[in-house]
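Look at the two complexes coming up: chain A is in both, with chain B in one and chain C in the other.
Here is the complex of A and B:
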């Protein structure tokens, strides 16, 4: 019988559906997490006939219930209700925590892994298999499946037109983004989830496709432990948690294969809690996160930064590490983000800044940061230790300077430094003295990470990596990682396509192993 | 250039707060701080203002601090609704507090406790909630220009207050902000994507 996809919505078991106090399931594969890695592996394995169970800690929120109010959606769809930070509290780590994971709330930006990043992984991290040629079929497949295309002119909003104008005036390379979206409605509410299901997130693609092939999906289900016996994965223990009432049931899934795809913060935490896969001592280490800033500028004419597609164009002039190692992305924002991302002063200055909102346009900076962070448990609490490395701080400064230069070249009359103190730049001449005065210390720059990565890095050596090139644990047979934790380094660009491709790569490796064993 | 000088202006009344930045202290003292304020209130038989009783998750002393902070951070502005009388800024914070994980809630309580009492060193033993507008603004600005701990503390509280004001759609017309549009525009939902062809 051929598989049939639901026209809308998703068959998900939630806490409200569970009447027993204990559930025992059996499957060929249990997958922890339903985002980019979990959904792709679920579909690729289910369509090959495997019995797949997907466990998602967050709620199932159908698209029709997205409110397009950012604060509401932060509280509903994001990890820790949008309040996940590093230990210093100066880096906001935004990750989706809902069925579909971060793919539900991202900005749709799609890049293949840059060639120089793959070369670094091949040459410095012992992964010669990960060539552009080897990964190309995976990139092509996901690009086709998710309607990934280059923005057409009508998809480039005023804020991104300004980025393009500034870059062209300076002679810098600037391009339209590629995005996974079908007939964008130009609402600008990507970060609150796409209410009209145009964003090709996992919620409307790979998850319903996996379900069509028989995958069972559980929401509200927090995995507490990965189980193993004699060096082989045997399944997971979990708790089904009602968002309001607390625990409603214990769940055990018995499976010969476990895939962890809970993201680069939760995956290492789960391994650490389970006491598995960490003979190298590397679980949770080498964490990178693309610390990004939002460099806001005021323009004489209205920009209406909330209007149109959230992300339109980007500057890749400085992408190569030898040229700076950062990219600049033209991005929109709404009222809450305006209040969150800059420091224009207190009291009346702040009110004037907000009232002037329609005149602002912003640039998101992304750097190829060093993997200096660590994820761990401190007593019963997760801890994300991440501070900007001394080696990265000059790059952060360069990215602010380039953003300011570009915005003045586009006609801005004022640029805000994304700092904790009110800092403004009113002319090109002021850029260097103001930005050079910044100090690398906690609570200095306003930082947001949308792309946690690299906390269970892959590699050939069990002494220095957590999983092999196919994502399987060096220590525990049948235990896999298939999310951004895998990355040996940060990717510099938005990582969703890299995760999709590697998840498919991991699934293919698993299937090949199973075929050989059979 | 309008760069404010923050590098060497560490106000004297900030001296001695540095130990609070040690996470061990933060964690260890959070319950003590909450217990102290709650215990003193009971000991003295203090009666809370009726409005303080409206909040389900915030302590009355927290409401006092947050109310004053809201008044100072979001002053009356033409065309915008009042942050106290019209927009339920405090109610929104109360609701947010109810959703915080226990540790975050404890730290939030400690942050308010410290922020409220910190001015006593230099403002004649006056708590933040009793400062007049000018002194309250001076205190907040000084905190933002001080050490990383004070900066973080103040920015966190400022963010909590401002986000819970600007999230209210009654504030949006003055910004020209369009808010939710999909239903207003009648945008149709596309549903799930069809299965890929092999």
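Here is the complex of A and C:
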């Protein structure tokens, strides 16, 4: 029977729809999380005829309700209302917490997993199956499904043109991004959700497709425990929470297969709270997150960094670890973000800086960070322990230096160091002495992570990894992980396509196992 | 190394704590170092002033502290920027406080008390932060910006509340040419859901 997709919106059960105090559901598969991993597995399994239930802790917010006001959307669509940080409080961890997850609020940037990263996973982490050749069909499928294409010239805003100019003047390799967007309207509001439904997020693609094949989607539903019996997953317990009123119902889903796709912070927490899957002691460990900085520069002419596509071009000159291990992305931003990313001094210096904001342009730095972080559940509270590794700090400094060099090559008259202490660079000659003076200590650099990864890494050895190469727990049969927690290391690039591909890979592995067993 | 830096280092060795707990451990140590030199919770003239009925989440001392800090941290004299009194900065701060989880909220309350009182000795202001004139308050913040990691973090939290509560308001955008929401203004068409992929009925990848 052919499936039919709703033209707009999504059939979702929310807390407001629930009248009973207790619900018991049965399914073939229950999926925790509705973002990149959850939505792809939901569709790929539902279209094969499996009965799928998707549970999302966050709210269902239809696109028409996106306000394009960043702070409103932070509070509505993001984890902890946009206030999730590491234990030191100097790294903001931005993750979507809504139906569609982080795919609703990301910048649309799409990279296949770099080949040198896959080689590292093959050679150093015992995953020879994860070759470019093996994953290519998955990349190709998702790229086609999500309208992923290279930015055309009209999609490259002034801030990204400046990045390209600077790179070309220095002879550095610079490219247009690929993005999952259909007829970009150039609003610049990607991080607040795409109101006119051009971003091909899970909210307008894989979730409605999964629903068309019968998947049932619940929002406002926090999974509290994964259930298992005799080493086999049996389902999950959850609470349906009204955002205003609190708990409205208990929910139990009985299913032979459980997929955790709640993201690299929530997935390990759920395993820890459930007391499952952690014979290796690795659940929550090996956390990486691409700690990013936003290196702002002032240009003599207006840039209007909020106008146009949020992300246009990037510099890959230093992507290879032997050349530095970082990339530089040309990115836009609005008034609120500008106020949080830099402060040349308290009071008047800050207000004059803000008054001048149309003259600023920024570069987002991403590094291939070491997996030194840990996610844990302590005293009924999540804890994210992550500090910049000593081995990574020189890379952070190099990425600031390269950004500054590029900004001056593009015509900037001043560059701001992304530090809490007000630091400015006024010429190329000042770059090295200023940046070399930075010290690796908490609350020194202004850091943001958009890419939590690697807290339930896959691998062949149950003693050193949490799941196998097909995402199934070494300890609990039928329990899978299908989000960025899987990654053995950070990917250096924006990870959404890697998550899509691996989620599809996990779904295929599950289907193959089921077919063998049948 | 200053006494407060030494104290902060000592506290840092006590182990990793969640963000605001770290602040408070450090803050307690700073206070302990200075403990013989100032009267904890020195009274201020604002302590007895009323708090508006609409305040739901700010404690009275926090309300007065934020109220006093807003003009200090958002000075618009000599600029074209919107005066903060024309923007509901305090209401927005109150709203944002209500979004914090219970643990963080309690710790932040203690942190704000600490920052307010530490001004009595830090920088030898001899007054609580809530009683400082704008210029002195700014100098206090600048000192903490260059201070130990605990001071840097706490001053940053206070600024984030105030800056965000001001710049999130559309009334602040015209002077800086920021467009804000555009989809409805531009009359953009909603594209809806993507159709099923061509490969919907095919085998997996």
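Rule of thumb we're sticking to: the second predicted complex is superposed on the first by the 518 of 518 C-alpha atoms of A that agree within 3 Å, B and C clash if a C-alpha of one lies under 4 Å from a C-alpha of the other, contacts with A are read in each partner's own complex, and residues count from 1 in each chain.
Keep this in mind: a residue touches a chain if its C-beta (ideal position, glycine included) is under 8 Å from a C-beta of that chain, and two chains touch if they have at least 3 such contacts.
Please read these numbers as outputs of a predicted model, since none were measured by experiment.
> Assess the superposed three-chain arrangement around chain A: do chain B and chain C clash, or do they fit?
Here chain B and chain C cannot both sit on chain A without a clash.
> Answer with first, second, both or neither: which of chain B and chain C does A:511 touch in the superposed model?
In the superposed model, A:511 contacts chain C only, not chain B.
> Thinking of the overlay built on chain A, is A:200 touched by chain B (first), by chain C (second), by both, or by neither?
In the superposition, A:200 contacts both chain B and chain C.
> Just chain B (first), just chain C (second), both, or neither: which does A:44 touch?
Once the two structures are laid over each other on A, A:44 reaches chain C alone.
> Going by the contact rule set out at the top, does A:385 touch chain B (first), chain C (second), both, or neither?
second
> Let me test your reading of the model: by the given contact rule, A:357 touches which partner, first (chain B), second (chain C), both or neither?
both
> If we overlay the two complexes on their shared chain A, which of chain B and chain C does A:291 touch? Say first, second, both or neither.
Neither partner.
> Check the residue A:83 against both partner chains and state whether it touches chain B (first), chain C (second), both, or neither.
A:83 sits against chain B and chain C alike.
> By the touch definition at the top of the document, which applies to A:434: first (chain B), second (chain C), both, or neither?
first
> For A:330, is the partner it touches chain B (first), chain C (second), both, or none of the two (neither)?
In the superposed model, A:330 contacts neither chain B nor chain C.
> Which chain A residues contact chain B in one complex and chain C in the other?
3, 5-10, 63-64, 67-72, 75, 80-81, 83, 87-90, 144-145, 147, 182-183, 185, 187, 189, 195-198, 200, 204-205, 208-209, 212, 302, 304, 306-307, 334-336, 338-340, 343, 346-348, 350-351, 354-355, 357-358, 381, 420-422, 441-444
> Across the complex, what residues on chain A touch chain B?
Its residues touching chain B are 3, 5-10, 63-64, 67-72, 75, 80-81, 83, 87-90, 144-145, 147, 182-183, 185, 187, 189, 195-198, 200, 204-205, 208-209, 212, 302, 304, 306-307, 334-336, 338-340, 343, 346-348, 350-351, 354-355, 357-358, 381, 420-427, 430, 433-434, 437, 439, 441-444.
> Within their complex, state which residues of chain A touch chain C.
My answer: residues 2-3, 5-10, 44, 47-48, 63-64, 67-72, 75, 80-81, 83, 85-90, 137-138, 140-141, 144-145, 147, 182-183, 185, 187-189, 195-198, 200, 204-205, 208-209, 212, 302, 304, 306-307, 334-336, 338-340, 343, 345-348, 350-352, 354-355, 357-358, 381, 383, 385, 420-422, 441-444, 504, 507-508, 511.
> Given the complex with chain A, which residues does chain C contribute to the contact?
16-20, 22-23, 72-76, 78-81, 96, 99-101, 103-104, 134, 138, 141-142, 145-146, 149-150, 152-153, 156-157, 159-160, 163-164, 166-168, 170, 172-173, 175-183, 186, 188-201, 204-205
> Where on chain B is chain A touching in the complex?
So the residues of chain B touching chain A come out as 1-4, 6-7, 23, 72-75, 77, 79-80, 96, 99-101, 103-104, 137, 140-141, 144-145, 148-149, 151-152, 155-156, 158-159, 162-167, 169, 171-172, 174-183, 185, 187-196.
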